[in-house]
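Same chain, two partners: subunit A is paired with subunit B first, then with subunit C.
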Partner chain A sequence: MDKKKVCMVGDFSVGKTSLTQKFVNNVFSEQYLTTIGVKIDTAIVDETKLIVWDVAGRDSLSPINLSYLVGASGIALVADGTRPETVDDLHSIWDTVEKRIGKVPTVVALNKRDLPEWSVTPEQIQSLKERGWIVFETSAKEGVEVEGLFTQLCRLIQ
Partner chain B sequence: MSQLDELRRIIVGGNADQLADLKNRIESLEHRTNDVAEVLSPAIDKELASGGDRLVESFKEPVSRSLKQAIRTEPAEYAEILYPVMAPSIRRAISQAISSLLLTINRSIDSATSVSAWKLRMQSWRTGVPYAELALRQSLVYRVEHVYLIHRDTGLLIKEISSSDTQTLDSDAIGAMFSAIQSFVQDSFTAGNDSRLTDLKVGEYNVWVAHGAQTMLACVITGDAPEALKQDLYDTLDQIRTDYSIEIARFQGDSSSFDGADLAMSNLLQVRLKDIDEKQAARKSKVPLWPFLILAAVLLFVGYHWFERKTLLDTANHLLDNQPGIATTHLFWEDDKIVVQGLRDPDAKIPFATLESYGISESQIDLRTIPFRSLEVGMELQRFTEELELPSGVYLSEREGSIYLYGEAPFLWLQHNNNRIRQLAADRRLNISQLSPSYESVSDLLEQSFSKEDLARLKMSSLVVDEQSVLVVGGQLDIQSLTILQVMFANSDWVRLNVQPRPLKSES
Partner chain C sequence: MAALSLQKHINKQLYDKWDLAYLYTDKNLKVVEVSDGLTLYGYPEIPLGCEVEDYVDFMVGFDASTRVDLPLVESPSGITVAVNLIPSKRGLAIVFSNASHLAEQRQLLQQKANENELLLRQQRILTHRLEQASKELEGKNEALREAARLQNSFLSGVSHEFRTPLSSIIGYTNLLERETHNPDKNPEAYANCRSYLRAVKRSSKHILSLVENLLDHGKLDADQIVIRPKPCDLHEVFDDIRLLLSPLAGTKNVEFTLQTNFEPGCMVIADDSRLRQCLLNIVGNAVKFTDKGSVTLKAELNRELLSIEVIDTGEGISKDNLAKIRIPFFQVADTGKAGTGLGLTITEGLIELMGGELVIRSELHQGTQVSFELPMPLLEAEALAMPEPSIDIDQLKVLLAEDDSDIADLLVMLLDEQNIEVTHVSNGALALEASEHEQFDLILMDLHMPVMDGYQAMEAMQKGGNTVPVAVMSASNLSEDRLQAQQYGCAAYLTKPVEIEEILLLANQLTSEA
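And then the complex of A and B:
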């Protein structure tokens, strides 16, 4: 069986861990336990074993630890749809990532679709699509588009 | 000099030069710097003297920022500065861990009373090697549990072998974690790229890692493995690197082309029991062994003698204490006699015959007992049997702690012992609910005193009155015979009369 490393990248508290856990273990927790360093899980999609690196989120104090991303076959960029600035941040995040590991297949998750505070503008989505990324509006809480996100990523890297 | 200057001179007088000097001072950067430098230190001192809270507040951010910046740019230098501070506590932690390990081993073997533990203790005593260390040397097994071949950059697991098939975690995740830890170590502790994670401890497991350019080989070990294993680890990695150099370079996540690699890895799955060299220990031995043998023989002899006497004492105690009417409190050997202390009913019998069969003669027993009246069931049984002289058909026996006197008893015997029996029953020392007079004894009595015609008019039946079975004599008799009958069974608790006077013949 083929194995591929993929990484979850984005600002802190956007739901990287929640999406991974929903996909791998089909669980969701309201509790916020920030990831320290990296957490690794595995899941099998279409005959491929995804080794999912759930990397600690970025904030003003700590940049993303780029060495965790080395060797990744694909990236899932995650933003919080109720905090529009996290969507904008994806562009700059991607630039630093690309500098380190080069161009790899990428999908985008705009997460927390279930919340009423959702405030992503069509312009924002357009700018993401212009970069060639496939954008998913996900909800880790309700399991919306979580499968789709990972399956798409898997297809891109096969 | 203009008029204006003239005017200025008149107003401010000779201070004009001073003024110019002052102006110059304010405008010149050098001057200002000198001035601030002069007051800075006293100003800080003054602020500190009055608590210094404001000062700390305003310095907090810049100091912390510059520290961060400084560490980031020169991590090696700061590591060197911090090393003397941290090294002692690291060392202390390690030595604590080791001593607590020794303690655990010591304790666990302490509690074991196995032969081997005793052997170890003796050995420790003779050779002077600390017990815990011997235990450590003998009982420590090291075993390589898992070996992982990991692609360095991606952290993908290429190959894995285990010494047991009890694998609870996902090996792919474990492989990735090794590489994550490696990245973390590299990023967090060193500026250069040449320092690598080679040892790590996870709970009771030691993990040793060998690094190649594109692969790493990690093995998970329980116990303390010898340094030689590290060499094996690198040898194996080198072998894999040469055998599979093309496959490694091309690796994209498909490990099927590494099928033979586990063969090379399998010689790392070592299990070793470290045994202490018996012969060497014996040669070093400071105390010869034979005095111990003699001591052991003496101990054995004394021990056996003591054991034999103890056994006799226990036997005597058991036999006597179980005898009705005897309650022993203390038995001991005095010269060649067994002294028995306790209580003894004068009626109680000493089971000399039984004692004899266990090798205790009558003359060996020295009774120093205090007399008492035992109401113990066994004793009572013995006493009643002697006292009541049971006729045939009547029995005494013990059931559930009570003594039963039961059966069909001759009427005259009942009459004779009636008071005693009734009294014992009232005291609840005897249960007589199943004692009854026998038919024959009563009818024998009647036959002796009455004519055949009279006897024909009487009949007998049994009846239970107040939980006591009695005989009832019923029928009709003429007045004369009836009087005789009434005298015969007057006040008898065992026979009741239900006989009517018969009309005289002459009248009919």
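And then the complex of A and C:
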């Protein structure tokens, strides 16, 4: 079976772990527990074994550790739709990622679509699409577009 | 050999002390050596010669030349490890060390830092919202202050508006009193009296229209105005506006033009009095605020939709004032034109009730265009063929229940002039008594009277089997009063001041129906 490494990247508390856990184990927890370093999970998608690296989010204390991204075939950029600044941050995060591992297929998850505080603007979505990324409005809590996100990423890297 | 064995022994001691584990692979990433401790981190027993990525997931994507440090990786056992990939000539060394202590410390610090940052963000949002709310409140306060200011200015405006015609009424009635004291009644004195009376009537009507405006505004606010569509001649409505406003336009040398695409006798179903009221206000304003040029009233009826446009070449309205003119009591300060500041508010409300929307376009010094459209069903041809009731009210016997002696005397005199026999009583009890002992054709009933009010009298009459039509005359124009009167069997509801023509028309209708 073909094996591919993909990485979940984005600011802290945007829902990278929640999306991964929902996809891999179909579980969701309301409790916020920050990821330290990296957690690695696996899932089979279309006869491909995806090795999902759930990388600690960027925060005020530490940048993303780019070593974790070495060897990645694809990237899922994740932002919190209720914190519009995390959507804008995706551009600079991607620039850093690209410098380290080069251009790889990328999808975008704008997460927490279920919350009433959702405040992503059409202009923000447009600016993401202009980079050639497919944008998913996901809800890890309700399982909305989670499978679509990973399936799409898998197709891009196959 | 002994030296190599010793070296291995020392290495094992060190690996055990630091919980180190390792994997060696060849250049093709096939496993060539595995340390004992690897199973402690949850990895399975790895047979020599197999591919490392089949047993260690995180190795997918790496090759034998990759040198990388992965400081904190959660191992399958849940223990966080540091992983170092060290390439060599023979292959790749993958070294694992226990980093759980570091991970725990980082977890505590990072969790707090991130939670704090989220809280700070929340705090910033709440502060921003508070500031917004505070600004909105300030805006509302300002609006309230503006409303209070408008209310005050309205009150002083209204008192001024009332005072002017009242002064005129008092002045002319004084003159009348003086003239009628003069024993030498010559034609000139009579002519003066007639002129004074006309002035009194004009002022009284002005006061009445002020009161009606105030009442309409109150009723619009309380959703109490009901549109009562009935058959009417549409052309007549517009002709009335022309007749009423042409003289005023004429005195100002303003050309007034009426353009319609329908002829006299164009019968529609509409509340003609409310439509007339709206047109009078809009066209009246156009004439009032145009000092030279023209005022054009255009009306087109197409497919049961009436489109109205009023265009004037007057001063126009500034952008600021245009935004405010729909506010109740607002009046453009520098025009020096009288009014209550309610007309447009009422007109807009009435047009909405009739199913239209008022549109005003204007620029300062560029004139004004006001337009609206109303649904206007045409009257069916059969309904047009209904015969007009004939008027025959001679010898009618009317019972008048009215406690105000001035109004009663006036009505008795006016009805008497029409050969109508009137019996006047001053309260409901006397009206009830009279109706039981004498046969009348019509009962005119005031509502608020001493001893027994109009409602009680009508209720008693209803219980007593009265068949004579009762027409209520009341100063109240509220729907609930009308409804209550109808419940007690009133056949018609007239609002004061009641004109004699209204009574005659009603008398004719009620008695012909009877």
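The working rule: the second predicted complex is superposed on the first by the 158 of 158 C-alpha atoms of A that agree within 3 Å, B and C clash if a C-alpha of one lies under 4 Å from a C-alpha of the other, contacts with A are read in each partner's own complex, and residues count from 1 in each chain.
Here is the rule we go by: a contact is a pair of C-beta atoms (placed from the backbone, for glycine too) under 8 Å apart; a residue touches a chain by one contact, two chains touch by 3 or more.
As the structure is a computational prediction, the values presented were derived from the model and not from experiment.
In this overlay on subunit A, subunit B clashes with subunit C.
Looking at the shared chain after the overlay, A:13 reaches subunit C, while subunit B stays out of its contact range. By the touch criterion stated above, A:112 is placed in contact with neither subunit B nor subunit C. Touch criterion met: A:32 reaches subunit C, while subunit B stays clear of it. Looking at the shared chain after the overlay, A:3 reaches both subunit B and subunit C.
When the two complexes are overlaid on their common chain A, residue A:58 makes contact with neither subunit B nor subunit C. Looking at the shared chain after the overlay, A:71 reaches both subunit B and subunit C. Contact comparison for subunit A: of subunit B and subunit C, C touches the greater number of residues. Residue contacts after overlaying the shared chain place A:40 against subunit B and subunit C alike. Steric collision with subunit C, judged by C-alpha atoms after aligning on chain A, is confined to one stretch of subunit B among 23-31, 149-157 or 275-283, namely 149-157. Note: residues 3-5, 37-38, 40, 42, 49, 51, 53, 65, 67-68, 70-73 of subunit A belong to the subunit B contact set and to the subunit C contact set alike, using the contact criterion stated above. By the touch criterion stated above, subunit A contacts subunit C in their complex at residues 3-5, 12-13, 32-34, 36-40, 42, 49, 51, 53, 56, 59-62, 65, 67-68, 70-73, 83.
Those residues of subunit B lying in contact with subunit A across their complex are 151-157, 170, 172-173, 176-177, 179-180, 183-184, 186-187, 252-255.
Per the touch definition, subunit C reaches subunit A in the complex via residues 53, 57-58, 60-62, 66, 68-74, 80, 99, 103, 106-107, 109-111, 113-115, 117-118, 121. Those residues of subunit A lying in contact with subunit B across their complex are 1-5, 37-38, 40-42, 48-49, 51, 53, 65, 67-68, 70-73.
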